[in-house]
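Residue numbering begins at 1 within each chain, and the chains themselves are lettered A, B, C, D, E, F, G, H, I and J in the order written.
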């Protein structure tokens, strides 16, 4: 777990332990620094997860995300790091992170990473009429 | 069941007992208070269910929803509580609640929870030409 | 069958008895009265069915729908009643009714009900290139 | 077969006998008369078929469709009649007709009918990357 | 093969022989003459194929398409002819042609034809997260 | 591998070796020269891949793409060449390249190519409620 | 003034007497009866006005509008009558009513009527940057 | 000035005294109570103004708006009151408030009010090419 | 002029001195800190100007904008400061800055400021057919 | 006039000398090099003009635009240069060039320049009903 995660991320007990349900969190204000040039990068981070024992506390998540403001971070690495930190802290049944980075040098990059408990069964979506 | 539910929620007999059908209710005017800061939160609540013996009465549902206006409530907990209250009162064959909260601190949160009777079989949707 | 149905609804012989086909009828001008307050309610009614021996005659359907103008009716009950009336009169192979009610007290309600002959096989849709 | 069909509809040999392929024809200018009131009705007719030995000739189809201008015709009956006429003349492997009638008395009606040769196998659509 | 095809169409060796891949070519400027009236017809031609040993050369395809400008051609026949010519010249693993003709006499016509090598297996599309 | 690839393309170790995840890169500023006429061609290149041991470094990718500016290149060949170069350098589990070329002579061309490790299993997408 | 107006419409003192401002009220649920056929008509009523001494009370306006449910009324007459009633009761500086009636017999009708105090000066709209 | 205004609203010196410029503030989360029924009302408040000596401080504006949560308020009165309070506190060169209330009883209401210093000249908008 | 401006902003001679023309620059990646709470703010900055003797150099503008990343700044003040800095450095004939800030506490704020040389005549836009 | 212009640009006599009319030309494939870094820039060039004695020949314009491919050019200078070249060659009554450059460093730049004969009267656009 990174220092940012241990410093900021907090959890609270899942209020509905016996139930698989979805929490979706969109964070359009992610910014960090390019580790090569020191120039700012920007991204939209989209998180969705099925909690197990704990949920991530939203204000602590906001502070954790703000903590990247002064950090150098490659696109692929930082997306995996955010997943690793959130998995380490919340140990969810399933988690997906999608990071859509702003254009740099005429190139648009998106990174999508997932974590899943080995024995978790994904739900079948029920489509009512 | 919460006091809000026992105080407000009322039901009436399902007028079509022998049939699985869908009731969809959208409530764009949900508001409660942040339990940490006391500041107001807002959400759109979307409910869909297949009734069993009873349906929820719409005016009582409106009053129940208005009852959260002065209550402190975390996003994940209040969504699960609304589901638990409505399940306790209506014991439906299936119910899904989707709560889309307004942005706070640059973060957009949505919580989706479901309940299902153990032996209920979801319908297969018939798509006519 | 309700009085409205026996008074108004008429049928004519299905002009294509040996074939499963779809009739879709949208009625955006449904209005009835709230049985609690006497205030008018409005809805869009969407009907789709596969006829068996008879079809519902469109002008009689219009008069039947207009007949609700002075009737008190709960959302769930009236949607099921329209289905029951139309099924009693036409005994279709399949029928679905979707009633989208106008907002009341900040709440939007939609009710969807279906009927199906026990031994009817839904068609497989053929998607040409 | 109706008089209109025998009078107008013409075919030409399928130029690709050994191949299942799709011909789609949209006719937005169909008009006939209401057999009860004599008032004009309007519809969009959408035809799609897989020809067998012959194709319907387009100008003859146009004249056939224009032939309904002074005919009284119920929505369900005329849609099935057009299918029956076209099937009688072209004996296709598959044919679907979709008739979307203009609003009358606040009611929108659509009728969809299909014909299929008993031993014809519908194609599996190939979706390239 | 038609004279147009033998006169114009040229190929070049598939630069990736061992791989099934997709080439999609849209030609919005097809025009020919109605063989009955001599009046110009217009269509959008959409071609997609999986090449085998050769690919069709684009400039030669353009000249081949321009070659129809003074030719009389029925909708169904010309679509099948273009497929036959391109199959004769390129012998692809799979080819589909979709010709969307402009409205004539109030009628819109689209013809879709396909060719496939008998033993070719269509790909399964991989949808990444 | 082409000279352009060996000159420019660089990789870095995959920061999440044990995990299948998606990297999507859109490059709207690809330009090369028509090998027949010397005239400029333009395309949008869309790349998506699942990395194995290494990822492609974004700035090196930008320079590699810029390297085509003075090169003659056929549409089908250059798309396959970019895939071959990127596969040679990164040996990914899966890679797809989609090149959408600008209109030339009234013709729009798109080429889509894929590479896959023989024993790689594509992921099943988990759709949460 | 009509009986409907004197029975239902109520006013309250304009809370901002010294200021010209705009009140806009949209009423999508207007329905009355065709005086010739007794069949229901439907319309969207859009009201905008600059109050003088009094404003129209909203609940009383709702009841007044509902009062047309059982009244026969021609499109042009009823729009002018609503204006006349509201002007008689509120004597506004300016009032405009726009009634958009649902299609009947393939015809869509909209009626727009205005009232203005003889010496009232309409405001000049200020468009900030 | 109301108690809410004197309790909450704060200003800060206009940082650009010699210049007419525009400040636009949208507040989608306004809620108050209906003074007749005690039921909650909701509105979107849109404020635009040209400051004179002071600007309204945004956090104090947020608290002032939240202060209406437990107050009874008619649509027309509360919109004028918000304008009066903000004018009393900031004495702007120009201010416009637009309050779009949520539907109640099938009726949508919007109130637009403005204030202007008697000798203030509205800017002429410069449209560059 | 601020330190940021004197440190970063550079100009180059206007390449078309005798002509009034428009330069429009959109900067979607502005971020600074809230001077009260230290929390990050985000905005889209839109700049348009008619240069006089010099133009602002784009890379220096980018660095100047990035310089706000660690600065505390109120919305109204920072928008006026950016205008003042750019006016001090470029002394344009006309300049407008529009800053659209991200939502904070449920409030969306936009600030628009302009500068104009006293004797400059704005162009009349010529609209060709 | 630049070498590019004298080398490539050609004209032909205006075929409608006595008439003011509009010629609009969009060029989405402009590319040049950044004079500071040597990296490619891309822009969409939009040209509209009212010709006087001559019109610009389209193929020569294409070659002229392609001529910038290997030239270093600042955004503001190159837009003015294209205008100057085209004015020198065609001496139009009116000409406007709009150059929309691709994003660089998170900044989007557009430059709009115009030329007008001193005594030319812009047309009044006639809007038919």
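Rule of thumb we're sticking to: a residue touches a chain if its C-beta (ideal position, glycine included) is under 8 Å from a C-beta of that chain, and two chains touch if they have at least 3 such contacts.
The chain lineup, named per UniProt: A, B, C, D, E, F, G, H, I, J = NADPH-dependent 7-cyano-7-deazaguanine reductase.
For clarity, every value in this text was computed on a predicted model and none was experimentally measured.
**Q** Chain by chain, through touching neighbours only, how many steps does the shortest route from chain B to chain D take?
**A** The least step count works out to 1.
**Q** Please give the intersection of the contact partners of chain C with those of chain G.
**A** Touching chain C as well as chain G, we find D, H.
**Q** Using only the C-alpha atoms, find the rotation that maps chain B onto chain H and quote its angle between 0 and 180 degrees, to the nearest 5.
**A** The superposition gives an angle of 180 degrees.
**Q** If you average the Cα atoms of chain D and of chain G to get two centres, how far apart are those centres in Å?
**A** 47
**Q** CA centre of chain D versus CA centre of chain E: separation in Å?
**A** 27
**Q** Find the geometric centre of each of chain A and chain H from their Cα atoms only, then give the gap between the two centres in Å, rounded to an integer.
**A** Their C-alpha centroids are separated by 38 Å.
**Q** Mark out which residues of chain I touch at least two other chains, giving numbers and ranges.
**A** In chain I, residues 21-22, 24, 28-29, 39, 42, 96, 102, 105-106, 112, 114 touch at least two other chains, as defined above.
**Q** Taking the top-of-page definition of touch, could you list the pairs of chains it picks out?
**A** Those chain pairs which touch are A-B, A-C, A-E, A-F, A-I, A-J, B-C, B-D, B-F, B-H, B-I, C-D, C-E, C-G, C-H, D-E, D-F, D-G, E-F, F-J, G-H, G-I, H-I, H-J, I-J.
**Q** Okay, in this complex, where on chain B does chain I touch?
**A** Interface residues on chain B, with respect to chain I: 39, 42, 102-103, 105-106.
**Q** For chain C, which residues count as touching chain G in their complex?
**A** Per the stated touch rule, the residues are 28-29, 31, 39-40, 42, 66, 69, 102.
**Q** Provide the residue numbers of chain F that touch chain B in the complex, in ascending order.
**A** Touching chain B: residues 128-129 of chain F.
**Q** For chain I, which residues count as touching chain G in their complex?
**A** Checking each residue of chain I against chain G gives 96, 98, 112, 114.
**Q** Touching residues of chain F toward chain E in the complex: what are they?
**A** Chain F reaches chain E through residues 21-22, 24, 36, 48, 50, 74-77, 80-81, 84, 94, 96, 104-116, 122-123, 125.
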